[in-house]
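These notes open a run of structures that come right after.
In the two complexes below, chain A is the common chain; its partner is chain B in one and chain C in the other.
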Partner chain A sequence: MENRNASGSVVNQFLSDYGMLAVLLVLGALFATLTIKEQHPTGASAGRQVAQMIAQRQGENTQVLIVARDTREDRAFARAAAKELQALGIRVLAVVNGVPNDVRAAIEKITAGRQQIDAIVANDVTAKWSVYDRFPSVGSDKCVKPRPYIWPDFLKMSNLLGVANQTAIYAIIAIGMTMVIVSAGIDLSVGSLVALASVVSALCIRDWGGGADAGITMVVLGCAAGIAVCAAAGTFNGLMITVFGIPPFIVSLSMMMIASGLAFRLSDGRSISELPPSFLWLGGSQTLGVPNPVWLMLVLYSVAHIVMSRMVFGRYVYAIGGNKEAARLSGVPVKRMLMAVYTICGALAGLGGIVLSSQLAAGDPKFGLMYELEVIAAVVVGGASLMGGRGKVFGTLIGAFIIAVIKNGMNLTNVDPFNQRIVLGAVLLAAVLLDMLRRRR
Partner chain B sequence: MHGEILAEKISEVNMSHSFCHMLLILTIFVAGCSKTASPGGDSQGKDQAAETRGVVGYSALTLANPFFKVIADNMQSALAEQGYDMILVSGERDVKKQADQIDDFIVKGVSAIVLNPCDSQSIGPAIKRANEAGIPVFTNDLRYIGSDGKVVTHIATDNEQGGRLAGQAMVAELGESGGKVAILHFPQAESCQLRVMGFREIIDAHNAKADSDKIEIVAELDGGGVRDEGFAAAKDAIEANPDLAAIFAINDPSALGARAALEGVGKADQVTIIGFDGQQIGKEAIRDGKILCDPVQFPDRIGRMTVEIIIKHFSGDKVEPIILIPSELYYKVDALQDPSLKG
Partner chain C sequence: MARSALTGKPPLLEMHGIDKSYPGVRALDGVSLSVQHGEVVALLGENGAGKSTLIKMLGGAHQPDRGNIRVAGEEVNIDSPAAARLAGIGVIFQEFNLVPELAPWENIFLGRETGFGFVRRETERWRAAQLFQQTGVDVPMDVPCGQLSVAQQQIVEIVKALSQNARLIVMDEPSAALTTQEVACLFDIIRDLKRRNIGVIYISHRMDEIFQISDRVAVLRDGQLVGTAPTGELDRKRLIEMMVGRNIEEEFPETTRQLGPARLVVRGLKHAKFPVGLDFEVRRGEVLGVTGLIGAGRTELARLIFGADHLVGGSVTLDGTPLDIRSPRDAILAGICLLTEDRKQQGLIMGASICENFGLPNLSELSYGGFVRGRQERVACDSYAKRLNIKMSHSQQLVGNLSGGNQQKVVLAKWLQRNAEVVIFDEPTRGVDVGSKYEIYALINELAKQGKAIIMISSELPEILGMSDRILVMHEGRITGTIQDTAAATQEQIMEFAAQ
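For the complex of A and B:
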């Protein structure tokens, strides 16, 4: 009996900590079912399949045109189809890797040479082009395309990685925000700090690093400068809050305006795109098939989880958020801790700005607009309490993913943009409501 | 039809009540919305997907501005006539959001992407990803000026020609007497630079052959393209030049801001205003005599031309990289006959 109670409370504990994970999984299942549709393969195996279909249907005395786009997968499709057709003894008149206009030129050439096109090897995209219908002797019903298979758009690998990549920036900033919110504070300046970091680092690289020819050292130094400026802004926030006792809401609201104004001033309101290719590595490349921002996010979350759950630092932050006075009386260096928390939050916002400008290949004072709200929403949906003292780092990660999955899922299921906002607002409200209900129990 | 699966999922996971509530709210919301919004999504969803020629994804700058809504509506109906579906999303002026939307389009495997870049450069990497996925990209109204991405065709109003029309209207108004003119600019936007360039061209040409009736451009102020900033800028202009004869504002909101400023100082009759755009509010102001005239843009034609170009592209025609749609002057006589202003 006692045993069962104990295990029950463990389950309860787990649910209250990570129950959001279940919400995330259900959402995933929901969107997986909603986005099930026919998928149209391309690539080498699809090319071979089409070649065999033509051989079976039309036999050896067939003359074939192969049409694919100029992409990596489509070129593989066309190459494989041509090879297989030749092996089967079927004549390939021409291979087109391009746009409809190229197809038109190819068909004109073939018909001018009095050749007959018996079949067209195409994939789903190129079969839909209307170019074939302009030639009475061709027509789009001659297209043979690979057999479709059933799979949800949502669960395509490229989509899942895309969702992770889209969330990474919000999630990275949300680590700092989680610490701030757990300490019973708030930081509204993170969105503007994203813009400031992006402008400062791009400016450093352009003006002192040599712009598009900048070396890797200058790129790293430029990024460090951007993050340092934001960390300093965070320290300033912390200073105002601890020394003068100004409410965090007001301090960070002021910093939001100051940082945004600075970013616009420094850049003259223009975007700065004179950046070297090495700057684009962090946001735009992949390592082991996973986008770099996702790796960065995972590493930072692991570190933050250890810091917040296994180290004195974390315990102090929770103590301050639970009861500041009690924490002070029991020897927690409250002021120093709060300064550190706001500094970390600023620095992570700066890092988010670097990742964003790397992804978008520019520094721009217009970046980061309203990110503070995205980030706070992720933290709150992740189960942290705005009253402080409560919230888990991995909860925030899940919160960020819940929001991202809802956004992505709504885009994939063609939800009207206005309705999307209503849904996101309702999700946020539901999360806060949940927090209140748990509190009352 | 998704209800059973949901119910199953929910009953599988044994959770506290509040979680169930939260889940229900979420899922009902999302499922409900996605059902109503999917294009014609009814009983025969799958057959329909097989019938269409393809899907075009359109990421608008913002749907808060009716201009882009008109483009979207006209694209939608023109595409439907050609057997295509359209997915409409709004970038909300946030370039990251728009880049994410383009990634979603790529996942969905749309046939073509149309966008109004939220940033004329930073949208480049996303366009490049669409290029790599073999999806043709078209822009309208706002242009992409970077170099990493490839845009098939850009379709927009001929802003320079529109600016020249505004200049001609100004000359027609002030040509006899000459006078001082202020420009309410929005220099950040390329389109507005072109408008002012065209305007100045005509004024300069007029001044070259005029003697006493020269039109003097005394001020070029940033009106922000919005009502309140246009108000402030016009107020400064009239303060510095009490004998101002006319104002050219690069869009309707800043023109109306200027009108309010002039009414405030009692000089609404002395100063003629020429706007730009032909938005609903601008047309109404022209009808009421508050603005003399507008070179108007035709978002409906932009939308339809975009579709025409997409269809041409798919049927193998070579398409122009830039297509400009001429603007036309719109006076009070036009407003009085305009069916869209009735009632």
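For the complex of A and C:
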């Protein structure tokens, strides 16, 4: 009996902490059904598939022309097809990566050499070109293209990774915001700190590191400087809140203006783009097929989850948010803890700024506009209470993804951008309402 | 029971067969209760017996699952505070419903202004003044309610109920924060209400008061009505037995104390509110009782030693070592702990679990390298829960869902785990039922036996007399009396020092 009660409460606890996960899954399923479409395979695997099809249909002694556009994916397609065909003993007459005119030239050259084209390897785009029908000996019916299949646009790997990549920055900043909101505070300055970090690090790299020729050490130092400045801004916020007792809303509102002003002042209001390729690694590259910002996000969330749920630090933050006076009288170093929380929030906003600069290859004082609201929305949708004491780190991650999935889904289903904002506002309200109703019961 | 024998009128209030369940708890089980016109019914029961649920129904905050409520013979459906007001029921909760920034007359008419969007200052003020005059108490009319004393605020609440033509007034532990004189004043008001044929339901844990003021007693236990009887037919012992359902021989556990040398020595302790510095010491194994009227500076004294308030001057030494305490954290590390009088605001985090509350001051011992040792914490928490007889379903339960007595035991558990050398109790039994009170007293005795130095602050004079080895009486920030021989001391003697 005791046991069943306890395990029942574990399930309830999980539901109340991560009930939003169900909402996220429902949204995913909704957009998956709404975006079901005929898909055409691309890339290397599609190339190999077409090669196999030709080998089966035509047998050996076949002569083939490969036609693809001049894009990364298409080149991979053409390369893989050529390699596979050769391995199967089929002769590749020519590989075209270009526009219809290039195809005409290639065919003219082949026919001039009295060669016969038995089949054309094409993909869904190049097969539609009309250039083949100009040559009576060729004709578009000789095109062989990869077999189409049915799959939702939303669930394509490239789309999902794109969503994750765009969410990563908001989600990283939202970690700090979760800690602040759990401690019964608020930090409105994170959006401006994103801009400040991007400008400070880009400036350091341009003016002291040698701009586009900067070495890796200077890049790292520049980024560290950007993050450090934002952490210091966070510490300043914490100082004003704990020592002088100014409400967090006012302190961070002031910091929002100050940091934004500083970013514009330091950069003279211009974008700074003299940055070396190594700076772009963090935001623009992938590791094991997953964008680096997504890795960074996952690592930070795992660490933050452990800190907030298993460590004394997290306990103290929840205690302060639940009842500041009771926490103080229980020996919690309230001031020190709040300073730490705002410092972490500032530092993570700075890190978000670095990732954004790296993605967009520039430092710009206009970055991060309105990010604070998006981030607060993610934390609230994730189940944290603005009254403090309640909220989970992974809840916030789910909240950030709910917002990102709705945005992405509306783009894929061609919802008007003006309507998108209305929907997002309504979703935020609905999420909080749902949470309230569930708790009241 | 249906009709009053004397008047033939139907009773003022009749509750019949009231059931109420919350998820997992049967709060009330077929409770029937009646109140006659001009009768004072004392409602008694341990914490969690269902008193709060019953009066919340009268106030319109909860609705019964089954059963009906009649007021003066007419069945009423109290589904909102407005409906309660309409039925002529005024409920005065322990936490007052007053806006601290508004004056008494503004509070009294709040939400019932009649001036079409304008406040009719003069009319309202005049009507409020009349009501105050009727009760015969003087309350400053133009001071914000937040600056009034607890007793004055309570009178404002009573007048507010009267202004709404209440025929029945329910008071939930009205005397909990009052001094002896203020309680006497409250009783005068209640007697006056009786004369005006207004019925009163009076909830209190203090036996003396019940015998003084009530006509009839109704006792609740575990959601059921154990019985009702005219107060004159009962004695103290019988009443306690009805409440706890077993015999309790003594209110205070028997013990002999071995006093050692002075452990905590306080010299010239100065607070911004104190006119002079305070000097006193607590000996090994001694319970030092500190009492006085509200505002005498007892709580400030405790908060100063604990580092919760700013120390203006003075020194504190523990076992000969001078302490430099600047925050509660310093005090806790030095071996001093304070059990605050106000559990909700200062003692516990209501939205956190029992276990988390228990662990909070003990995380330095219950963690390793910054990581909380969850298992060790749970085991320690469970063992204290067993030892203190905390009624809970499991230690992950929210503290806010426990009854007052059990919450106080969680506070005790978290500080016992600290094993501090100096333990300061500020009103340790406020809002705690009789059974739990005894357990808390036994625990204080055990701590004294272990050689700790104990300071116990209390307004309840029987408790001070029954538990202390020595009594300090305070008045307006001074120690006005020290009573060494507590066995021979009387309540009158203490009051003399306290009122000066």
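In the analysis below, the second predicted complex is superposed on the first by the 335 of 441 C-alpha atoms of A that agree within 3 Å, B and C clash if a C-alpha of one lies under 4 Å from a C-alpha of the other, contacts with A are read in each partner's own complex, and residues count from 1 in each chain.
Assume a residue touches a chain if its C-beta (ideal position, glycine included) is under 8 Å from a C-beta of that chain, and two chains touch if they have at least 3 such contacts.
Just so we're clear, the structure is a prediction, and the values are computed from it rather than from any experiment.
Enquirer: After the alignment on chain A, I want to confirm one thing: do chain B and chain C clash, or do they fit together?
Expert: Overlaying the two structures gives chain B and chain C room side by side.
Enquirer: After the superposition on A, what does A:101 contact: first (chain B), second (chain C), both or neither?
Expert: So A:101 only meets chain B here.
Enquirer: State whether A:417 touches chain B only (first), chain C only (second), both chains, or neither.
Expert: A:417: touches chain B, not chain C.
Enquirer: Using the touch definition from the top, say if A:389 reaches chain B (first), chain C (second), both or neither.
Expert: second
Enquirer: Check whether A:331 is in contact with chain B, with chain C, with both or with neither, and answer first, second, both or neither.
Expert: In the superposed model, A:331 contacts chain C only, not chain B.
Enquirer: Counting residues of chain A in contact, which comes out ahead: chain B or chain C?
Expert: B
Enquirer: Look at A:282 in the shared chain and tell me whether it touches chain B only, chain C only, both, or neither; answer first, second, both or neither.
Expert: After superposing on A, A:282 lies clear of both chain B and chain C.
Enquirer: Thinking of the overlay built on chain A, is A:300 touched by chain B (first), by chain C (second), by both, or by neither?
Expert: Neither: A:300 stays clear of chain B and chain C.
Enquirer: What is the contact status of A:317 with respect to chain B (first) and chain C (second): first, second, both, or neither?
Expert: neither
Enquirer: With both complexes placed on chain A, how many Å separate the closest C-alpha atoms of chain B and chain C?
Expert: Least C-alpha distance after superposition: 14 Å.
Enquirer: Which residues of chain A touch chain C once you look at their complex with the stated criterion?
Expert: 2, 5-6, 9, 13, 310-313, 315-316, 318-319, 322-323, 325-333, 389-390
Enquirer: Would you mind writing out the residues of chain A in touch with chain B in their complex?
Expert: Checking each residue of chain A against chain B gives 12, 15-16, 19, 22-23, 26-27, 29-30, 33-34, 37-38, 40, 69-72, 74, 99-101, 103-104, 124-125, 128-131, 133-134, 153, 156, 158-159, 162, 165-166, 169, 269, 271, 273, 280, 284, 356, 359-362, 364, 366-367, 369-370, 406-420, 422-423, 426-427, 430-431, 433-434, 437-438.
Enquirer: Across the complex, what residues on chain B touch chain A?
Expert: 2, 5-6, 9-10, 13, 15-16, 18-19, 21-23, 25-27, 29-31, 33-34, 36-39, 46, 49-50, 53-54, 63, 87-90, 93-96, 99-101, 103-104, 106-109, 111, 119, 121-125, 132-134, 136, 146, 148, 188, 311, 313-318
Enquirer: Which stretch or stretches of chain C touch chain A in the complex?
Expert: It comes out as residues 306, 308, 327-329, 331-333, 338, 340, 345-352, 356, 359-361, 363, 367, 370-372, 374, 393-394, 396-397, 414.
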